[in-house]
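As structure tokens, here come the structures.
Okay, so subunit A shows up in both of these, paired with subunit B first and subunit C after.
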Partner chain A sequence: MFSFCTDPSILPDWQWFACYLTNATHLQFYRAFGVVIVLLAITAPAALGMGLLGALALRSRIWPLNWLGQGYVNIVRGVPDIVFFLFVPIALGQGIEWVMHQIHCPDWDQPIRQGNDFIVCREAKVPPVNAPAWVRDIYAFGMAVTAFALVFGAFVANTLYGAMQAVPKAQIETAEAYGMTRRQAFRRIVLPQMWVYALPGLSNIWQILIKATPLLFLLGIQDIVYWARELGGQKTSLFAYPHPDWRMWYFLGLLCFYLFLTWASERAFARLNTRLSRGQATAAGERMRKAAAA
Partner chain B sequence: MRSCAESFSEYALRALGRDYGANLLPRGLDITLCDQLFLIGGGLIWNVYFACLALVIGFGLAVVVAVARFSENPFLSRPAGAFIFIFRGSPLFIQFFFFYSAFVLLPRAGIDIPLGFLTLTVNTSALTTAQVGGVIVLVLNTTAYSAELFVGALRAIPKGDLEAADAYGMSGFTKFRRVVFPSMLRLAWPSYTNEAIFLTHSTTLVFLSAFPARQQSGEAFYYARYFVDQTFNPFVAYPIVAAYFILLTLAIIGLFGLANRRLNRHLPKVQRPRLRFRPTYIR
Partner chain C sequence: MKKTTLAALAILFGTSGVFAQDVLRMGSEGAYPPYNFLNDATGELDGFERELGDEICARAELNCEWVINDWDTIIPNLVSGNYDTIMAGMSITEARMEVIAFTQNYLLPEPSAFISLADTDVAMRDSGVIAVQSNTIQAGYVAETDADLLEFPTPDETISALRNGEADAVLADKAFLAPYVADSGGELVFLGDDVILGGGIGIGLRQSDTDLRDTLNAVIDEMKADGSLNVMIEKWFGADHPKF
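This part shows the complex of A and B:
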């Protein structure tokens, strides 16, 4: 990184640290923080979408749909999430390969589960056998996102369902009195207004989502926990930058990163709440109206 | 193939260590359904151990932290607030890693803490085991979460109750013991039940993170993961562990429901708050 980094063993302390903290593996470590942010940025809308579908299913009057929603929400919420985080990627991966196997090799005569092996034909492998490394990385990451979206979708569904129920009934009745259909009333009255009721629950789920991101490590993705362990471990003099066991300091850094994330999002949600309360038929909205009038 | 009775005698208590069952865990094609049922079920011993210890110790600490947080003295409320923020704002998973790597750095021989009349020796090598170090992390974590609940309950204690206590001439610790504490507990109990459930669920993280499982004695989820690694079939071991956890959750709800009944026994039946089943939060 810097021109003076050619021989780190003779450098004074501050230069040694400047070189150490900017070497190639550290840059990968910093990139891993970006991966966390990307995961959050993709998972949050995905979970919101899943949650919206789940909440609609919970509201539905068609009973198979309603049961599907009930089952989804209650099963995911009743079991430790970590079970789902490890279950969904494997189960989904095997499911996809099984479907591909049925499509590509219909005349395969051996069983797929032979003892402890899961064997599909060569064409059915996902990602393909000769796929480059980055495709495999994206695939693994996509599986992780799916698992996160499934689990958090159930939480969001529950929150949104509650929020939809919380929109004052009188407003929906007024809409129907104006001749709107059930669907129109939902789209024009309930959907825009439910967010203010959903926000406290959603902000809670967001905080939990942030705190769930280190579990990526368990899915075998090279995330910040992986790099903190790798970089922090003791390095002998064989390495360019020998140092004793520094894992504690790396994990302290991760703690600070997460504390900052939760602190910042708490503030952001407080502002969003003020924004959404404007003109609402809630105590906060009423207070803002009075403040503006005075 | 082992019979079910054989796998029961070999694996039901295997989670306690090698002395209580087979030397090695079943491997590869040798794994039967009964092995999975009993080994994972035996692992629940540790889940219960972690959850009980953390909840009992954490409860006492949480009351102290909550009272400190609620006090008007900034020298008490500020540090308590910082403690709550740090342990609620960061993932439990990272906390495990951090404390484990900190405990590893402590000198092996133990630390002597001179207390004047006697010297206390802290056994530092025990701190690196899940059974001691892991419990410490869980205690700190549940203390912060429960303290936050208790602070909320302290804020919500009806003004009339406190005025009545004053009118009876109660003050200081008597007032706390007879009025503040019971009201706080009563108000916080439904959410504290949820906290107990979350904590029990998060005991699955102990062996997943830094703490090693010595002699392959781990908790239920550790074994479930072991089986999935061995058989490459997630459709057996994970549902088993999920079912066990649902049972455990129901047991907690039952137990805490009894306590809830006792806490609210002075109220007319219609006013008693009902416990709601709202599990799953990740630390």
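This part shows the complex of A and C:
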């Protein structure tokens, strides 16, 4: 990074730290923060979408759909997250390769499972055999997003389902008395009003999602906790920047990062709550009405 | 010799549908200096196994790419196909042979050593708390003795546990421990004699990849015969390390 960094062992303290904090491994550490933010930015809407589908299935009067929703929500919520993070990428990855194998190599004569190994023909490999590293990174990242969206979608589904039930029944009956169909009443009355009931639950799930991002390393993605442990560990004189065990300082940095993230999202949720409460038949909505009237 | 090896390889690959220009993905841990570690100046994987692996790939004309993976899941991720080989200071053992295959060893069975704080009684080796990295041959060894086993996912954490008094001693490969003892200025010392564990270190691969195993074995043979492997061992582990 800096011109004076060629031989760190002879540098005075401040220059040593300037070089140390900008060396190649630290740059990868800083990039990992971006990865966490991007993961959150993609996973949150994906989980919300999964949750909305799940909640609709739970409300559905068509019984196969209703059972599907019940099964999804109850199974995923009941199984430890970590099991799903190990299961989804392997099962999904092998499932995709199996399908590709059936399409590309119908006349393959060897068994796909040989002992511990899962073997498909060369054309069926996903990502392709000669895919560059960035394609593999994106594939692994996509798997991670899928696993997160599946797990958190189940919690969101239950929250949204509860929120839909919380919209006063009288309003739906009124809508139907005005001649709206069940679907119209849902779209015009329930859907816009349920968010204020869902918000506390959603904010909970969001905070848990933030804290769950270190599970990324299980999926072969080097996240900030991996880097903090790797960089903070004692480095012997074999390394260019030897230092004693500094993990405490690195973990302290992570602590600040996560606290900042939760603090910022807490504020955002508070604003959202004020916005959504306007004109609602809730205690907060009532207070706003009185304040405006006074 | 090299020409004939390559010709034999071409025939092998030609019949199995594997192509020499395919990317061979090599898994490693990147946390076990001097075997494998992340170079803090370049950010790349470095160490004895990086240099050896690159040389093997060059000789076999394979196109290789390194992948870093946690030690605890390094075997499952090999089996599920995230990468094709493991070079991570992994000793060849019976238990591992049930799940994966190994090439011949590229490092001889080598000494493991106990380290402890200065003035620790040697008897602690059999009665104290011994910190090791989980799923290693050293962990298996301590489990057989009367000492208490304390496992950590990374080797670095075992040293921290020793320093803060959680453990009485650490058992690991001597080559990994030596720089810690040397750097500590007398705080850490070797405790008693070395123990020889395991059947040497080899490249781990899936049991079904027999062609790849033959290829790698041929290259390791060649490197043992022309002495280049010994030169590499001496460069990374010093003159006293067991050589072929």
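FYI, the second predicted complex is superposed on the first by the 293 of 294 C-alpha atoms of A that agree within 3 Å, B and C clash if a C-alpha of one lies under 4 Å from a C-alpha of the other, contacts with A are read in each partner's own complex, and residues count from 1 in each chain.
Following the convention adopted for this analysis, a contact is a pair of C-beta atoms (placed from the backbone, for glycine too) under 8 Å apart; a residue touches a chain by one contact, two chains touch by 3 or more.
Because the structure is predicted, anything quoted here is derived from the model rather than measured.
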Subunit B and subunit C placed together on subunit A: clash or fit? clash
Problem - subunit B versus subunit C as contact partner of A:218, first or second or both or neither - result: both
Just checking: does A:237 make contact with subunit B only, subunit C only, both, or neither of them? Give me first, second, both or neither.
second
- Message: A:195 in the overlay: touching subunit B, subunit C, both, or neither? Say first, second, both or neither.
- Response: neither
Report task. Tell me which partner A:4 touches in the superposition: subunit B (first), subunit C (second), both or neither. Result -> neither
Message = Tell me the contact category for A:248 with respect to subunit B and subunit C: first, second, both or neither.
response = first
Q. Given the touch rule stated above, what does A:82 touch, subunit B (first), subunit C (second), both, or neither?
A. first
Which partner does A:258 contact after superposing on A: first (subunit B), second (subunit C), both, neither? first
Between subunit B (first) and subunit C (second), which, if any, makes contact with A:16: first, second, both or neither?
neither
*asked:* Touch test for A:91: subunit B only (first), subunit C only (second), both, or neither?
replied: first
Clashing segment of subunit C (vs subunit B; choices 21-29, 57-65, 165-173 or 183-191) is 165-173
Both subunit B and subunit C touch subunit A at residues 90, 94, 115-118, 217-218, 229, 245, 247
In the complex, subunit A touches subunit B at residues 76-83, 86-87, 90-91, 94, 113, 115-118, 155, 208, 210-215, 217-218, 225, 228-229, 232, 245, 247-248, 251-252, 254-255, 258-259, 262-263
Per the touch rule, the subunit B residues reaching subunit A in their complex are 28-29, 31, 85-86, 88-95, 97-98, 101-102, 104-105, 201-202, 204-205, 208, 221, 224-225, 228, 230-235, 238, 241-242, 245-246, 249, 277-283
Per the touch rule, the subunit A residues reaching subunit C in their complex are 23-25, 27-28, 90, 93-94, 114-119, 121-122, 125, 129-131, 133, 217-218, 220, 222, 229-230, 233-242, 245, 247
Touching subunit A in the complex, subunit C uses residues 17-19, 21-23, 30-31, 33-34, 37-44, 65, 67-70, 73, 77, 79-82, 99-100, 154, 156-157, 159-160, 163, 179-180, 182-183, 206-208
